[in-house]
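Heads up, the next two complexes both have subunit A, just with different partners, subunit B and then subunit C.
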Partner chain A sequence: MLQLRWKNMLVITFLVSMVGWSCVASEFKPVMVITSMSDAFAYIWNDFLPPDFVNWQHMLKYLLDTIYMCYIATFISVVISLFISLCASQTTTPVKWLYPIARGIASVLRTIPSTVWVLLLVVSVGIGLTSGVLAMILAGVGWLTRAFAEVFDEMKQGQMEALRATGAGWVHVVSQGILPQSLPAILAWALYAFDNSIRDSTIIGMVGGGGIGFYLQESVKLFQFQEMTAGLVALLALIIGIEFATNMLRRKLL
Partner chain B sequence: MTSKRIYQWFIGTSIVLFFISLTQVDLEYARLTTGFKDFAEMLLKMFPPANLEWDRVLEGVLESWHIAVVGTSIAIVISLFLSLTAASNVSPMKGLSSIVKGFAALMRVIPVFIWALIFVVSLGMGPLAGIMALAVHSLGMLIKVYAESIEEVKPGIIEAMRSTGAGWWSMMMRGVIPSAMTSILSWSLFRLEIDLRYSTILGMVGAGGIGLIMLGTLRMYNLQATLSIILIMFAMIFTVEFIGSRIKARWLNGPTKRTGVTIG
Partner chain C sequence: MKPILSVRDLQKVYPDGTKAIKGMSFDIMSDERVAIIGRSGAGKSTLLRCLNQLIPATSGEVTFLDQSVTRASGGAVRRIRRQIGIIFQQFHLVDRVSVIDNVLHGRLGYMNALQGAFGLYSSVDRKRAEALLERVGLGDKANQRADALSGGQQQRVAIARACMQNPKLMLADEPIASLDPVTAITIMDMLTQLTTEQNIPLIVNLHQVDVAKTYATRIIGVRAGEIVYDGTPDDLTEEMLNWIYQGEVTQLHASKPVLNKESHKVVLV
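Coming up: the complex of A and B.
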């Protein structure tokens, strides 16, 4: 597609002027890449390193909280999404008018970032795990519904048709035909959702949702930067560990 | 059937684990019901969206956009150079490839909000912290995917250029980068999309943009204005997603179809 020379030049000029405009507007000068990088890394070197594991019991509590909270949230959102997504797929919806409603709910929940949910929940429910779990459920239901609905859309129709032909009701078709057939895909998505929620928990905690992100934010507010680094090391270990574990489970299951 | 047994076992274990988790965490169940009522009441109070200082909000929207554009561009420029040293088929030194890849992996695995937190602490609140956070995090992903694109360049092209006696530099500029260009472009665009989405919420940890303004209105309990800003964020993210998918479908072979890259 990119063949015409003058067209190329036009695109490049456009892109460069866009970037230039953004640089001017945000008062950013290219040399700042070097100065701010060196500032930041000097800061990291002097104040954040080495990690200080003095408060490891305190940290471990937050770390465990993170795992539990992600697990609870993922579990509940998988269950809720299963119901909504059955309505959000054209092949499985019991009543036609439920389809646009389920789709709409899912896309609103998905497009509003989970941080916004936490901030709103913190105002009404209060700072802590409860808000974090609720926000994770809201965000998780949003994208899991869509993922599950796509799984149902791609299902082979034969089995369902056969069941319908025997006069089976909707509940029967779902429990005997749809769920067994799509179970591997659903479990794979559920594992991925758990993985994702562990990553997401950082920012959710940082805006008041409890867990390791809350610990990180607290230690920065108290200027305990080395303790924050310790928390960060633990968090990275957790992220990598959970990713490894879910990958292994996925291979076992599929 | 054994596979059926595995699934039963898996689902059974996860249900048991769920209840164990519930006992381990001090979720406030009383708060859960009353809180949800409060939450619903608050959502109702947010309607209709109003009370907006338009000029400030517009400033925030533009600032988010600028943060994403500048952050992504920095990452693109730096990664283009670093990925040449990271791609194992063209890397000038053998050891360098794994060092650069390891560096990229570290940048990538640290969540973008942690970068934002670190840069806010060291550079102060404002757009610069957001730009740097996005740049560093994007760097981690772009080095990896650019290097992979370069590694997919057919060995014949590199051989042919080498046999003409071309130096390393001209080989890169005239042979390797042009052949990997389509995939580099589509990855860059994909990353810009991700960064635009991040830039709307980065403000919530103090890194400038529309998120910071939303945090302000919420702290002042100005609920109607908060809803207006949420709707604007919604529109921004939706537009970016829509345009991105259009561009990908039309001009570029979408990188989203590839697997093996973790985003986030």
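Coming up: the complex of A and C.
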């Protein structure tokens, strides 16, 4: 027992000293966080509040851009994901060798976050909506493919077997059996993807992908902090609104 | 008369080494109603699925209307399958889709990818599907979702779907195992009537010996992947049944159902 306690003590000491070392190495001063807290709040209070909606038309344009972006991106990534995911599920793949390829594509796309995609695309495509939408599609396809493939994996095998037994080909089985059976799940994931992309769009815009994030970034650069807060408030309202709407739709579907 | 279906030395070994079918041979004539009986795991389901290549056979030969099923691939498999109707224990309807669409699925084997993908069935097919639904007593359910139907009703839709294929052979894998006794009789009646009318053979896997004896003109007893009995229901002795079932004979009814040969209706006596 004594030895065990010794081990525990050693581990705890190690973990705590690592925090200390990390602070020293990164020049992060925990004391500063506490002492400067009041300053920080005062700064936020004085410079960021109240939100200034004077540029509301400008802001609204970016907000609408965000919705359009997300809608296009979600729609396209759902369509692409459907095709790839049919190959990425062992139960629905038309030919066995397509399965590892589809899985591979999805894994690669999934490991790269959308922000990194924007950074890459901004260089090649340029700053703006196009890069943002493309980044959202690439990231969306990554995880939607996996989600859809899991839906297909869980499909009842018997129904597909029965369709195949009538002499139906792969296209028939997919269109007449698999898609109608998994439609509610697919739509639920699509709504979630839309929801997700709205949230994602802030940071995508900030690194050059267009939309509301771009507006926020712009206001900060121009020291228009109160306008930025207005943007944040609008964004918050949008996120809550969309989440509410998609939740309601999803509940109706399932 | 030439057999509709001919099975020679059929063997099936699953990847895990299980020998499901160890060399079966038999011929099926157009006027036959064959019941395959045997315990669960005896290889009945595997056998049925080898007949239309839902499961590929390991060796041996299945010939259906002079075409080799075992050696067919791609489009040839589809052309064979569309001429063989099959009924499953769990009905296997696409249950979020309407009843009439499920019946129309029986035509998919005759359609190209595009027509089938968009469900562009001909008006002739639609009329026929309606007539078939009427025939199985579900004319009023055509536009309901398949999952709104009871088990027996779903099985009737599955029969209509199979008939929609204009099959030259009807297979049924434990078609009544999930149904109550009364519904079971309706389903067996329907299968018997429809196949007799079309003059096509019926091969049905059954658990219940009494039902098999009532409906079948020929019984094939399967034990551990081998045919141990092939003959008329009348010649099937108690000893043989005990051998097939290893002492576990399953009875569906306390009373005995008897098939009236003229009306193809069953009465309990």
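The rule is simple: the second predicted complex is superposed on the first by the 232 of 254 C-alpha atoms of A that agree within 3 Å, B and C clash if a C-alpha of one lies under 4 Å from a C-alpha of the other, contacts with A are read in each partner's own complex, and residues count from 1 in each chain.
The rule is simple: contacts are C-beta pairs under 8 Å (C-beta built on N, C-alpha and C of every residue); 3 or more make two chains touch, one makes a residue touch a chain.
Since the structure is predicted, the reported quantities are computational estimates derived from the model, not experimental observations.
Asks: Specify the outcome, clash or fit, for subunit B and subunit C once both structures are aligned onto subunit A.
Replies: fit
Asks: Which partner chains sit in contact with A:Asn55 here, subunit B, subunit C, both or neither? Use first/second/both/neither.
Replies: Neither partner.
Asks: Check whether A:Leu183 is in contact with subunit B, with subunit C, with both or with neither, and answer first, second, both or neither.
Replies: A:Leu183 contacts both subunit B and subunit C.
Asks: Going by the contact rule set out at the top, does A:Gly167 touch subunit B (first), subunit C (second), both, or neither?
Replies: The second partner, subunit C, only.
Asks: Could you tell me if A:Gln226 is touching subunit B, subunit C, both of them or neither one (first, second, both, neither)?
Replies: In the superposed model, A:Gln226 contacts neither subunit B nor subunit C.
Asks: Who contacts more of subunit A, subunit B or subunit C?
Replies: After superposition, B is the partner touching more of subunit A.
Asks: Could you look at A:Ile239 and tell me whether it touches subunit B, subunit C, both or neither (first, second, both, neither)?
Replies: A:Ile239 contacts subunit B only, not subunit C.
Asks: Where does A:Val207 make contact in the superposed view: on subunit B (first), on subunit C (second), on both, or on neither?
Replies: Only subunit B is touched by A:Val207; subunit C is not.
Asks: Once the two complexes are aligned on their shared chain, state how close subunit B comes to subunit C by Cα atoms, in whole Å.
Replies: 5
Asks: Between subunit B and subunit C, which residues of subunit A are contacted by each of them?
Replies: 183-184
Asks: Which residues of subunit A touch subunit B once you look at their complex with the stated criterion?
Replies: Spelled out, the residues of subunit A in touch with subunit B are 1, 18-19, 21-23, 25-28, 32-33, 36-37, 39-40, 43-44, 48, 64-65, 68-69, 71-72, 75, 108, 111-113, 115-116, 119-121, 123-126, 128-131, 133-134, 183-184, 187, 196, 199-200, 202-203, 206-207, 213, 216-217, 220, 225, 232, 235-236, 239-240, 243, 249, 252-253.
Asks: What residues of subunit A sit close enough to touch subunit C in their complex?
Replies: 156, 158-159, 161-169, 171-172, 174-177, 180-181, 183-184
Asks: Of all residues in subunit C, which touch subunit A in the complex?
Replies: 52, 54, 78-84, 86, 88, 90, 92-97, 101, 105-111, 113, 116-119, 158, 161-162, 165
Asks: Note which residues of subunit B are touching subunit A in the complex, please.
Replies: On the subunit B side, the touching residues are 6-7, 10, 14, 17-18, 21-22, 24-28, 31-32, 35-36, 38-39, 41-43, 62-63, 65-67, 69-70, 73-74, 78, 109-111, 113-114, 117-119, 121-123, 127-128, 131-132, 135, 197, 200-201, 204-205, 211, 214-215, 218, 221, 226, 230, 233-234, 237-238, 241, 251, 262, 264.
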